[in-house]
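Each of the next two complexes has chain A plus one more chain, namely chain B in the first and chain C in the second.
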Partner chain A sequence: MIDLSAVHIDYQTVLPELVVTGTIVVVLLLDLVVPPDRRRWLAVVSVVGLAIALIASIPLWGQHRSAFADTMAGDSFAAFFNVLLLAVTILTVLISPRYLRCVHLDFGEYYALVLSAAAGMMLLAAATSLMTIFLGIELLSLALYVLCSFSRLQEHSQESGLKYLLLGGFATGFLLYGMALIYGATGSTTLLGIRAFVTSSPGTNVLLLLGIGFLSVGLAFKASAAPFHMWTPDVYEGAPTIVTTFMSVATKAAAFAAVGRIFVATLPSLEAQWYVPLALIAVLSMSIGNVVAITQSNLKRLLAYSGIAHAGFIFLGILPGTTDGLAASLFYIAAYAAMNFGAFAVVTALDAKGEHADELTYWTGLFYRRPFLATTMTIFMLSLAGIPPTVGFFAKLFVFQALVTAHLWIPLIVGILTTVISLYYYLRVIVVMVTVPEGAPVEREGVGLPMTVVVGLSALGTTVMGLVPQVFGWALQATRF
Partner chain B sequence: MSWYQLPATVPWLTIAVLLPLAGALLVLLAPSAARSAIKQLGVLTTVFTLVLVGLLLGGFQQGTAGLQFDEHHSWITNLGISYHLGVDGLSLFLLGLNALLFLLALAVTDPKMPRFKEFVLLMLVLEAATTGVLVALDLILFYVFWEATLVPLYLLIGAWGEGRRIYAAFKFLIYTVLASFFMLVAILALAALNANQTGTLTFDWSTLVQHPVTGSVDVLGIRVGIQVLLFLGFAVAFAVKMPLFPVHTWLPAAYTASPVPTLLIFAGLISKLGAYGFLRFNLSLFPDGTRSAGPYLAGLAVTGILYGALMALVQSDLKRLVAYASMSHLGFIGLGIFTQNLLGVEGALIQMINHGVIIAALFLTVAMIERRAGTRDRTQLRGLEQRAPLFAALFLVVSLAALGLPGLNGFVGEFLIMLGAWSRFLPLAVGAGLGVILAAWYVLRMYQGAFQEAPSQPTAFAEARWTEAGVLAPLLALMVVLGVSPAFFPAAVQATVQAVVSR
Partner chain C sequence: MSTSQLALLILIFPAAGALLLAGRGWRLPRIVTKLVGPGVVWASFVVTLTLFFNNASGDFTYWTWIQSGSFNVPFNILIDNLSIFMCLVITGVGGLIVTYAVGYMDKEDGPSYARFFTYMDVFVFSMLLLVLAGNFVFLIVGWALVGLSSYFLIGFWYHRRSAVLAARKAFVMNVIGDVGMILGTFVVFVSYHATTYRAVFKALPANDTSSLELAAFLLLVGAIAKSAQIPLHTWLPDAMEGPTPVSALIHAATMVTAGVYLVGRMHPIYDIAVYAHGAVAIVGAVTALFAATIAIVQTDIKRVLAYSTMSQIGYMFLAVGIGAYSAGFFHLLSHAFFKALLFMAAGNVIHAMNDEQDMRKYGGLLKQLPRTSWSFLIGSLSLVGVIPFVGFFSKEQILGAAFSKPDASLALAVWAFGFITALVTGFYTGRMWWMSFAGKPSPERPVEHPHEAPSVMLVPVFILAALATIGGFIQTRALGFGPHMVDDFLKSAVGAQSWEGGASEVIASLVTMALAAVLFLAAYRIYIQHAWKPWSAVVPWAQRLLERKYYFDELYDAIIVRPMDGLARGGLRYVEDPIIGGIVTGTGDLAEAESHNLSLTETGYFRNYVLVFVAGAVVVAILILARAGS
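Right after this comes the complex of A and B.
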């Protein structure tokens, strides 16, 4: 019998996660009694729960708490990611009911699964132990496996879920094996313990390096970074668009939270050892993502490859191994969340009509049919391409600045060259949208108030986030561990 | 001295940037069908901007080198990025050219064109961006404005252009963005080096100017001064924008594909932004780098003069002919800049204004010819002089200014540049002189071919309308005024230029 009385449980640290978990239970129970045509109330309950969790995250800002014997942290870093992840989840839930009704997937479990995934991501962002990292990853992955195959009658969706499950399971194996090796090498599962070991015995420890290598494979898989990105286009394409919207942004953010905690906060002294593999991942992601995206004619696949490329850019900020570099990555993640969520939300809005919206040909002349969606999509594309004054430019600027300060020229050059390449396919989307359509113009129709608000908010965030200096200040403060 | 004093508490330059944006916002809210209202809105916005810039021109303290109408606020303090706007002799008259050309461009925009509202909207956004480029003094802020000009230009060519417009727009975009990234790296490196030297990270031009970077690094085993490297990083971006030979290949495609109002801005103004960048950043921040690398760029500039002139000689399409003529004249500006002496740089500054005025007028008249005759092929036009004598006279003045006839503005700039080049690069000055002779050849042949001789076929060719003459009038007036009293410019800009070349 283990004596748990000595374990200090700090409820404030885990309050956001607790609230989200509680909401899962409430939603599941409510699902039993809410009549099918009132299921949007589940969305309302979810949003309320998520909003409370968001408010509960804010007091963590500026604190240095830890709970459950140093396995979870309640600090600015966790608060930053909690707010980001919860905001993304709230926006997702807001645009879900209409989409789910349109594609006949209006089931209560959907909300419970999205909330579970969110809880897992928050756990991952706060995790300071190999065990909690694993818990977080599994919680978010299991929920997403189901969500990807949520459209039960669509073969595409089933294929997507299965692919994600099989490959994801494989990656988890790597992750777990790496954790075992690290534990074997250092004798500790908490990041604090590992850090203490690494600083006290500076020699080369093959077991530890192998463990870190395997661990990064698992995390790079979740962040969909090359060369572990193969699943991304297929899964993104097959999954219901709303799920893709959510996971493309939130999963990546959560995975990078763990990457930041492990590499920058725990292992900065081993930077010389992990620099080359991580730089390879970054360079490969940017190159493969941006080059292959050129050939895509399906918008969901195009955005999948673009997401792979952006994972590479986010890795760039990790490379210097400094908290300033990590702050640039954090800003990039927030920027990516705004612009990529917006872009996928536009696809979702068009998909909801049961149209084949993900084929690029469908977007011909969108400006004349859906001026609002086309205009916002233009903003998102410009931002993803990194053109000022959108936030995408500032994100790249801060990351490049970190590389220049650290004199890391080769990743910088690759980053710049691939940015230029990426212009081609992002701008092609805009050109397609302004091309005059053939045949009779289709009637304009609305997309509903929630979608208008959510897309509008994303566009606003994409436009002003870079111009408001405080955001980068927050990213800097979040990395003061 | 200045003609009057403007209150210093008003953020004049911010207003100058925001005014076109406010106009764009109003256009955005207007219904697409209200074409004449949109046109009036667009023209009025540019008129207000021109009036504002005119106020600044009069309120500018002449004879001082420093920045005026200075606005300095902290922005992203953690990275030393600030919001810094200001005007000095380098940017003053370009601001005026900017405002004037946008007014003319919107005045000649045809309200019956497809998607007129979006066109006006993008033009106004473009004006805000180009104004920002001219007044921004923080390197990151400058970069933001610099890149922000690209998207409107890209869309204006891509969606409203003619011929191979998508190809031309893409080619222009890829060239300029790729080049701009070199500048971005140079900006970041410059700030990092400066931070090593002084201990504070800043992107503020006025601070960086006071601490020129020193030292050298090994690049592939060759010892290169850091200033030279940074100089090259900036130079690539500006050379492509200008464009200098051999990175000019996007120019003929883009100029030919541009709709006329955009072309006025493109040829008249955007190319000057490249030249302005050279003056503002390369010469000021890297004086040693300019001394080492400048002669090579001056050589490229003269190559461009001769290449553009030779290419202009063999064109039969008037629009392409003027495009190459423009490139040839831009070579003079490049040559003047890299002489790095008072005469040359002053000449370049004057020539920048002249070139904007002359090229805009040339493209406007070519567009008028095309609208009347249905073609702009030099070989198919003949004897227009007899049908439209007034139009021919207008065209002749513009042509003579283009070939640098004394008494018109083209002569002043070219003469000063040649004087400046004579004392520093004698062989290059001779080459540039050859370019002047070639210019006379292709310009006069263009005039003779299209306007003189007997008309070949009895096609109708209408006389110049009052509206057309009205659009050309300010440009023609400028040609004469600047040609007759060129001393006006040097007096206003001399102090700044002196400060730049004596670094």
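Right after this comes the complex of A and C.
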């Protein structure tokens, strides 16, 4: 028998994760008894569970708890990400039932898988040990592999899932190898222990550095940053749109939570060592993402490249290695969540209608057919491009400001130049939408109340988040480890 | 409700009305637009009346708008007797005009109808914000919004090229003024480190300084542009392209008087900055005479009224420029009555004449449109300044104040301008009324048997006619005795006039009135009876000069528009296309080509992806080790 009394179990720290995990079980069991035409009740149960978890996350704000022998933290940082991730998950579940029915994928497992991914992401955000980080990444990844190939009869979806699985496995290999090297160098798996080791022995440790390098490779893969981004367009395009919507936002946020905890909270003293590879990742992501997006004719691929570019922008805030810079990244993640989720939600809304809604040609004259969706999409595009007064502008402003403060000019210049390039393709989407179509059919049917509310909320968040100064204040407070 | 909530309510009503009409107006039944459009203005009027009867006053700060270092902009509303006075004019006269528009715009289709009242409500909101603002920043916001809504309304018939051009002209002229205003505000902020009126006025120096003069002159630029005074006046006559209710509301009763309000509101500044203050009076006096002379030769009935408006606002500038603030505001009130009356009565005529605006094609309407004709006559006599109409009392109070101001040669000089203007006004007003309503119908008249307007258009006209008739008795100071309610009311906000007139002033007033009335009648002899040789036959060059409006448009065209056009064309040909365009499209082409090349790496083959992945990992490892080694 293992003596558990020595391990202090802090239930409050893991309460949000516990609630979500419990909801998974409930949903799985309910799925057995709920008749197929009543599956929307699974969504309702999921939303209730997620909402409870969200409420349970709020007390963590401002605390400095750690649980399970320093492997998990209950602090503002975790609370910030919990709220963000749970909000995104709730919004996803809200618009799921209608979409799933439209594409004939209305199965109960879907909700259990989404909840599992969410639980993994939350775990990752709270993880303060290499073991829990790995656990979180695997939990979210396994769920997402299945979700990507959820459309069993579509070859595209199968290809998407398989590619993600194979490359993901490859990345996990690097990640694990990096972790092993770090453990070998420092003798500790907890971030606290690693930090103590790094500060006490300042000399160059090749094993440790190599481990950090491979760890960043694995995390950059999850964040879909270049040059580990190759899977992104294929997977985003092939996966069911609702899954793309969810993973494009939530996975990136969770991956950056881990990046923040490792690089800024644990290894700021090694900034000189990890700066160059991370800066390279950021610069490559911004360049490749923004440039390649120009020629995309498929909106999901376009948004995939846009996501790669935004991963680069989020990395910019990490580069100075300061908590203020990390706060800028956190704000960027929140901003990105609102605007990118909104953009993909609009694609989802149109995708539910029929074939090829993700091809840009389908969007010609959308303003005349779907004024609400087109207007909100315009807001999202402007925000992604960084036009004031949308939140995208302020997000870019804060990360650029962090770079200016730290005198990191090269990433800053690349960031500004690629922002200019990005205008080209974001505005093109708007141009396509306002182009007068030839004899377009007038669509009068709605997209359903949940979709209207979710898209409207995203648009509202995209518009006001930058104007309310408190949000950045929260990001600042969340990074006070 | 507390005063601060009521003050906010004044703004909320028109804003809510505009939002409702903009969002749903064209889908809802027309009756909703008919009720909401004027209804919200009347609601604001009722609220303003409540404040008026409660003697409300105060400076209410609702929240901090911008806080950045020492730069602090609160959202505050200043309620004092001046802002209540302005709100009463805006919502009271404005309510009548918007109600009138319900009938006038009835020919428009559903969406346009709702659009019109949306714009009207936006305008009323902007104007109210302008006069209620308690700091310079919101003054500018209101100021610019007023210009914007004026642009919308002048260009309301956007399918007419002339309307679009007129709207653009008005907008450009107004923006020149806005820039002046904004620069003036900058100077004020830099000098006194405050944006609220209260703080700025408290920080003013006791003696004149150059920065204060600069601020006062820059603010005057804004006032001149908005009030269509020389030399930024050319937009107002063209603005008559807008629907007639717009002309009545914006280009007679409210917006164009904003300049007068500004000088009145800023009177602590102008009282110290004596040179800028003198400039106000000079600009007003010159514009008054200048515009009145042009009005003599205009043939479009609305353009006569437009030039007359410029001229009358010149009087108001003259008044506030010599320090007779309450006299200026009394004229503002009386002008709102009689000029709105004239515009709406003219609107009735235009309505009856199938949109014909040329007075030469009217004639003999007195018998066919008696109610409109008599109302128009009341407005005309008020404009000329005949006892007992309101225009007499307000205009003669200004002239009397200028005449009697002690030890001021400037005041006497502007009085001379005002005196001559009054005579010219008598003549052109007479010409307008006789040509339109007296005599025989013109052979070119488009409608043989015109119909009187519907009652929704007549009742507001009658109400204003009544106000123009009896309104003068609230202040009969021009006669040297009787009540002076406007002066008393505004005393707390703009101060009392520092000097008193005497008997000579009253005599001068009566002489002015008599001469103006004689000229009003002389117009009958010339244009209807053709008994006397028209003056234009005697001095044909003067006729040409006036018809060309002193060549202002040509002058601006030659020295500003054409050189700018040339510069722009040259810039387009030699800089924009080859250099900037080349760089931009070159970069775009490069990016697009690169994009294409890079996207070829996205082969879809798993093995290629892994290859890139491994290469990336190797590069990361090398970089990190190279760093460690160095």
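Criterion: the second predicted complex is superposed on the first by the 476 of 481 C-alpha atoms of A that agree within 3 Å, B and C clash if a C-alpha of one lies under 4 Å from a C-alpha of the other, contacts with A are read in each partner's own complex, and residues count from 1 in each chain.
The definition used in the following text is that a contact is a pair of C-beta atoms (placed from the backbone, for glycine too) under 8 Å apart; a residue touches a chain by one contact, two chains touch by 3 or more.
Since we're looking at a predicted model, the values are computed, not measured.
Once the two complexes are laid over each other on the shared chain, residue contacts for A:405 go to chain B alone; chain C is not touched. Contact with chain C, but none with chain B, is seen for A:216 once the two complexes are overlaid on the shared chain. Contacts of A:231 after superposition on the shared chain: chain C is touched, whereas chain B is not. Of the two partner chains placed by the overlay, neither chain B nor chain C lies in contact with A:449. In the superposed model, A:424 makes contact with both chain B and chain C. Touch criterion not met for A:44: it reaches neither chain B nor chain C.
When the two complexes are overlaid on their common chain A, residue A:272 makes contact with chain C while staying clear of chain B.
Looking at the superposed arrangement, the partner reaching more residues of chain A, out of chain B and chain C, is C. Residues 424 of chain A lie at the contact with chain B in one complex and at the contact with chain C in the other.
Note for the complex: chain A touches chain B at residues 382, 387-389, 393, 397-398, 400-401, 404-405, 412, 416, 419-420, 423-424, 427, 430-431, 434, 436, 469, 472-473, 476. Of all the residues in chain A, the ones that touch chain C in their complex are 163, 166-167, 170-171, 174, 204, 206, 209-210, 212-214, 216-217, 221, 226-228, 230-231, 233-234, 272-274, 276-277, 280-281, 288, 291-296, 421, 424. Chain contact summary for the complex, chain C toward chain A: residues 588, 591-592, 594-596, 598-599, 601-602, 604, 606, 608-610, 612-613, 615-617, 619-621, 623-625, 627-628.
Those residues of chain B that touch chain A in the complex are listed here as 74-79, 81, 114, 140, 143-145, 147-148, 150-151, 154-155, 158-159, 166, 170, 173-174, 177-178, 181, 184-185, 188-189, 192.
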